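The first chain written gets the first letter, and so on, giving A, B, C, D, E and F; residue counts start at 1 in each chain.
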Amino acid sequence: MLLHQQTWIDVEQYLKKSTGIVIPIGSTEQHGPNGLIGTDAICAEVVGKGIGEAADALVAPTISVGMAQHHLGFAGSMTLRPTTLIAVVRDTVASLARHGFTRFYFINGHGGNIATVTAAFSEIYAETSLHPAGNQPVIKCKLRNWWESSKVKAISSVLYGGSEGSHATPSEVSLTWYAYPEAVRKMTMDPPVAPTGTFTDSADYRRNFPDGRIGSNPGLSSREAGERLYKAAVQDCADDYKAFVAAA
Amino acid sequence: MLLHQQTWIDVEQYLKKSTGIVIPIGSTEQHGPNGLIGTDAICAEVVGKGIGEAADALVAPTISVGMAQHHLGFAGSMTLRPTTLIAVVRDTVASLARHGFTRFYFINGHGGNIATVTAAFSEIYAETSLHPAGNQPVIKCKLRNWWESSKVKAISSVLYGGSEGSHATPSEVSLTWYAYPEAVRKMTMDPPVAPTGTFTDSADYRRNFPDGRIGSNPGLSSREAGERLYKAAVQDCADDYKAFVAAA
Amino acid sequence: MLLHQQTWIDVEQYLKKSTGIVIPIGSTEQHGPNGLIGTDAICAEVVGKGIGEAADALVAPTISVGMAQHHLGFAGSMTLRPTTLIAVVRDTVASLARHGFTRFYFINGHGGNIATVTAAFSEIYAETSLHPAGNQPVIKCKLRNWWESSKVKAISSVLYGGSEGSHATPSEVSLTWYAYPEAVRKMTMDPPVAPTGTFTDSADYRRNFPDGRIGSNPGLSSREAGERLYKAAVQDCADDYKAFVAAA
Amino acid sequence: MLLHQQTWIDVEQYLKKSTGIVIPIGSTEQHGPNGLIGTDAICAEVVGKGIGEAADALVAPTISVGMAQHHLGFAGSMTLRPTTLIAVVRDTVASLARHGFTRFYFINGHGGNIATVTAAFSEIYAETSLHPAGNQPVIKCKLRNWWESSKVKAISSVLYGGSEGSHATPSEVSLTWYAYPEAVRKMTMDPPVAPTGTFTDSADYRRNFPDGRIGSNPGLSSREAGERLYKAAVQDCADDYKAFVAAA
Amino acid sequence: MLLHQQTWIDVEQYLKKSTGIVIPIGSTEQHGPNGLIGTDAICAEVVGKGIGEAADALVAPTISVGMAQHHLGFAGSMTLRPTTLIAVVRDTVASLARHGFTRFYFINGHGGNIATVTAAFSEIYAETSLHPAGNQPVIKCKLRNWWESSKVKAISSVLYGGSEGSHATPSEVSLTWYAYPEAVRKMTMDPPVAPTGTFTDSADYRRNFPDGRIGSNPGLSSREAGERLYKAAVQDCADDYKAFVAAA
Amino acid sequence: MLLHQQTWIDVEQYLKKSTGIVIPIGSTEQHGPNGLIGTDAICAEVVGKGIGEAADALVAPTISVGMAQHHLGFAGSMTLRPTTLIAVVRDTVASLARHGFTRFYFINGHGGNIATVTAAFSEIYAETSLHPAGNQPVIKCKLRNWWESSKVKAISSVLYGGSEGSHATPSEVSLTWYAYPEAVRKMTMDPPVAPTGTFTDSADYRRNFPDGRIGSNPGLSSREAGERLYKAAVQDCADDYKAFVAAA
């Protein structure tokens, strides 16, 4: 159930049976020579929709641009400053809490979002922690990375092992190919596995990772793998969502 | 050409022939008894994609949540505060300008965004106006409402006349039905044409417009009308986009 | 009744019969070869005072500097960034609401303020829309451009027609001459009617409009016209103010 | 020379001979039983204009609303939050610096502004202190309280001694009466001299100072005193302004 | 009683007998040829601890970095922008008010903090002044400069007279030497007494005061003087603190 | 070498041989029945000083209050909002970068700081990523948790195993006892090992963890353990610091 595809009356009905909502959050940034700039948003969105179907949950529109300052050395990458993203998350939660939603499940497609979104949750909680009188009803936020599902990790470690890497991974590229068959671009990477390391800003990143990949070989991507990963992620995350919403 | 569906190398190529980009911006808010909560984002997105195809232009991901504080009395509606949206627009333009984009064409689906996005453009321009040394290269931003195309207005005035109204209009509902056939919900409105008037905050809005519509009868919506409106909007806006990018 | 000329006890008395207030907002920016830098603030202030007299309304001090980043290419022009002006409007309304004022009528002298002040109203309303418990008493804000009075438009279109333009208009210059006879500077403009067009930042503006005017011939200004325009604006706006305050 | 009464071409001429500008800053707040709410803005404005005449200096529009949160317990008082006022001062200076102004002389009418305006100067200086490359040309800001002129203090101490107090003083009330003869309201205060003490927020202030005065007897005000104080303030401040502008 | 050395249960007990707390605030900035960069923080901290002992008061952790933009021309100096420091003071007070503290006694070691911290108090008070319903319980903040104790001034004027100056004073240097004997650095200053004057940003400061001192001769510092000054400051400030907490 | 104990001339000398600096960051928050409220700041500070000695590095003053909104249900706990802490970290780095420091090593004592400080680094990097011209010299920031040293983990797992927990751990309490012998409070905890789980705001935290501990038994703390942990942490972190500063 996509929020965008409902009327307000539908949402009123939904709130009688559940106060949980799934919020996909991704990023718009380079993903190496054959990965889509939308990879992280696409992964979050398709897994989010899958959770919605599996758990009968409402799914908010995807936050497509995340915190990706380090990718700005590659054309097409976009970022929100951390303080901007904090404001976006805060307004998102406040808007939905206004209607009675209390469980906010952010399904995340981008490692670079974790710190800022976690900080955003603390910014939200700080208001009721500092002014406890207003703490009604109790809201809870959770950030879940789709790729940290144990089922997903089992598949990707068998399929890719040391070629999985941490950016522009064959797993995420495969997942986008499953979602968008027209996106498939078979390529041989050179070197096969990209270097690993750390980075600070976008100049430093581009210096260290000249084609955008970190430690990965997305040349190994395939639609078949994408389908398996998708199903695994949805199963794990839907279970996790249900437990999150059911908890006190 | 959707930015999300490109690689960074594709974008590098694109920038050699054009520095323009289309950025759909909509809203996530109630649209009356049979209109989708995503109506404004959907309209901006589909017209934006159409412009991309007609003008061979790159299309950024849709800004799905806009300034819609007045709709928060209806379940599912979301808003960014104006100051948050200003920050989002500022970071969006700054990110893309980093790569050499200079013409930012915001195709808009929501009247409530106009003031804030216009203010955001001024916030951006103020930096170079106050510190003119940094004004290189020259960037230009434009906000275009898809429904203000002359071709669109010609169609909607013939089809709906005094039933078009200003919120949850049959034109925008028709356009979403064209985009999403499964969204069609034929209904008889009561009263047929909604009241008109002004509003301030969400309580005031709900008091004045009990089912969410303003001055409209979206019971008259149809997929056929949606198709005609879509084609008209894309034609006008693509021409406008091309002129915008071509101008000095 | 100017707020500045009252004691606090006078204001306490006033609030027993009315909770409306007029707030002039202008700008400090170039107005072509013979227009005063204070034109927009002067127009808002004198019309505002006129409304105060005609409608027995309290008039707050003028917000003299508005959003005018595009004029910074001409010496003496000043601007508040949009986010600054939003904060100013927010604090202005909050201060006065503290005393029981509920109807805030901003009489505006500058087109460049419209977007930002409208966004500021939404920023204010967003608080009660997001936290409806606090929505007492109900406040309403209105922005009114003095030149959009129908009586004013009737006069200016007869007097100036295609020479009215949109910046440094003979109408606004005439109005300032009526207010400040010592400001009269009869001049022949070259070209008589300035070019029209669009603009972005201050460099772009100055490039397109070298002497500051847009589409106008303020060489046609006169004190007599100013007097007629003043009376027309006050009549229309005072009626509008009274209706605004009287409405629920 | 009021900035508002100049054209942009006049200002261009002015800048060839001086880069100094006088900026009156006041407040809009209660001033006891017979003092005007505009007292502080009026005093700053009339002294500022006087400096302009005496020193052939340009005078910017008055910042009429200052930091006066503690007066909000009395009807009609207005405040900007300190952070808002900092932004206003920052944008004011940045706008004028854009044209080549380098010496900003804030003539102040309100003790409550001192801390915040001083902090605003530091906010401005912090930019060049943190990023010294950009420190060209060198700008300097000064805040000057009109009542701290030695000539003014000599007069007020002789005239009012222990009845001068620190808020709603007979000196400032006299000065406004000199400026606006119609404002004269002779009254006997009860008690003649108001209590003194400290305050925090507006509730605390009203509790401690029930009619708004602090330590003063504005019943002693007179137009004659106002005229003497005006002349003294202008003389001292004009000298001070000239020295400020002349210094390296 | 240092807050850092207590358990939360200790603080709960403390709050049963007092709702006052001492908060040292200093700065991290150059203090001339033989003064420590931590001078202002050290002075505030040691006097703060002394007050804690003398008045049986809880002492919060020292705010070590203050507003010192003008010192950034000298290596090792640090600053918070005024708006950052306002946020820090606001969160500090809000956190402690949450537990029931109502009297916040900031013992200050740096003149450059005065304006910003005073503005921060107004920022805090403005919330309850604008929204009086929330004004419970009543909180009060006070900023006290340790060196303005009358006992301290008596000692320093006898010991140093015209060599005391206003930055890197022998009094403050002596106090740090008393606190940290290993910091003693006997030096002969050249010139013995530093120049006096004004300053704006860090470049201006360094130009005017080449070794960092203003009007002082810290070559006269001694541990013995430091001990006397410490005792005097603690006595006066502890009395002042007790009066502050005892007042309604 | 503590920055606070240096003169500015010392720092100038230091910068000739190194551009690295250690910045301890902790928190001020409850640490269970026998842990100090200052535990996290104390741990960061003493380990930071140890690194300074072992690596001949300069050590900045400790940021004593961190992001600890979830602890505000326990008396004495303090927090900065995430956006405030981001501003503090940004100003800290900007101040020191002004003098030529380029390697910022934040030694951290509090898990709750990780997300916000990481976001702060991205906020800093975003400036040069968005405006690459200004990226000179290259600065790098690193956050290091003292307890994640492999040597520390080896000791704590042997000593405490399943009683270590994640808040108010016997390791951190031991370390503070080593630093402050007078802080030792031997106690038997009830239950011996505290519950584990998740938390959101301060009300939720206190509900789940009634005495403040999470999963730990700080009744097992000892000065001897503290000494071993201190030495292990300093050794590992000093090596890490040296490698960080040495890297390109």
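Rule of thumb we're sticking to: a contact is a pair of C-beta atoms (placed from the backbone, for glycine too) under 8 Å apart; a residue touches a chain by one contact, two chains touch by 3 or more.
Keep in mind that this is a model prediction, so the values were computed, not measured.
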| item | value |
| --- | --- |
| Those chains which touch chain D and also touch chain A | B, C, E, F |
| Same-residue or different-residue interface between chain C and chain D, half as cut-off | same |
| Pair sharing more residue contacts (C-beta pairs) when D-F is set against D-E | D-E |
| Taking each chain's C-alpha mean as its centre, the one farthest from chain A | D |
| Separation of chain B from chain E, taking each centre as the mean of its C-alpha atoms, in whole Å | 54 |
| Computed distance of Cα centres, chain F from chain A, in Å | 29 |
| Separation of mean Cα positions, chain F and chain B [Å, integer] | 47 |
| Junction residues of chain A - those touching two or more other chains | 72, 79, 81, 83, 95, 98, 129-130, 132 |
| All chain pairs that touch each other | A-B, A-C, A-E, A-F, B-C, B-D, B-F, C-D, C-E, D-E, D-F, E-F |
| Touching residues on chain C, where the partner in the complex is chain D | 2-12, 15, 28, 30-38, 41-42, 60-62, 64-65, 72, 74-81, 83-84, 87-88, 90-92, 95-96, 98-100, 180, 182-183, 185, 212 |
| For the chain E and chain D complex, residues of the former touching the latter | 67, 69-70, 72-73, 79, 81-83, 86, 112, 114-116, 118-123, 125-126, 128-130, 132, 135, 138-141, 200-204 |
| Touch list for chain B against partner chain F, complex | 94-95, 98 |
| Parts of chain B lying in touch with chain D, wherever the complex brings them together | 129-132 |
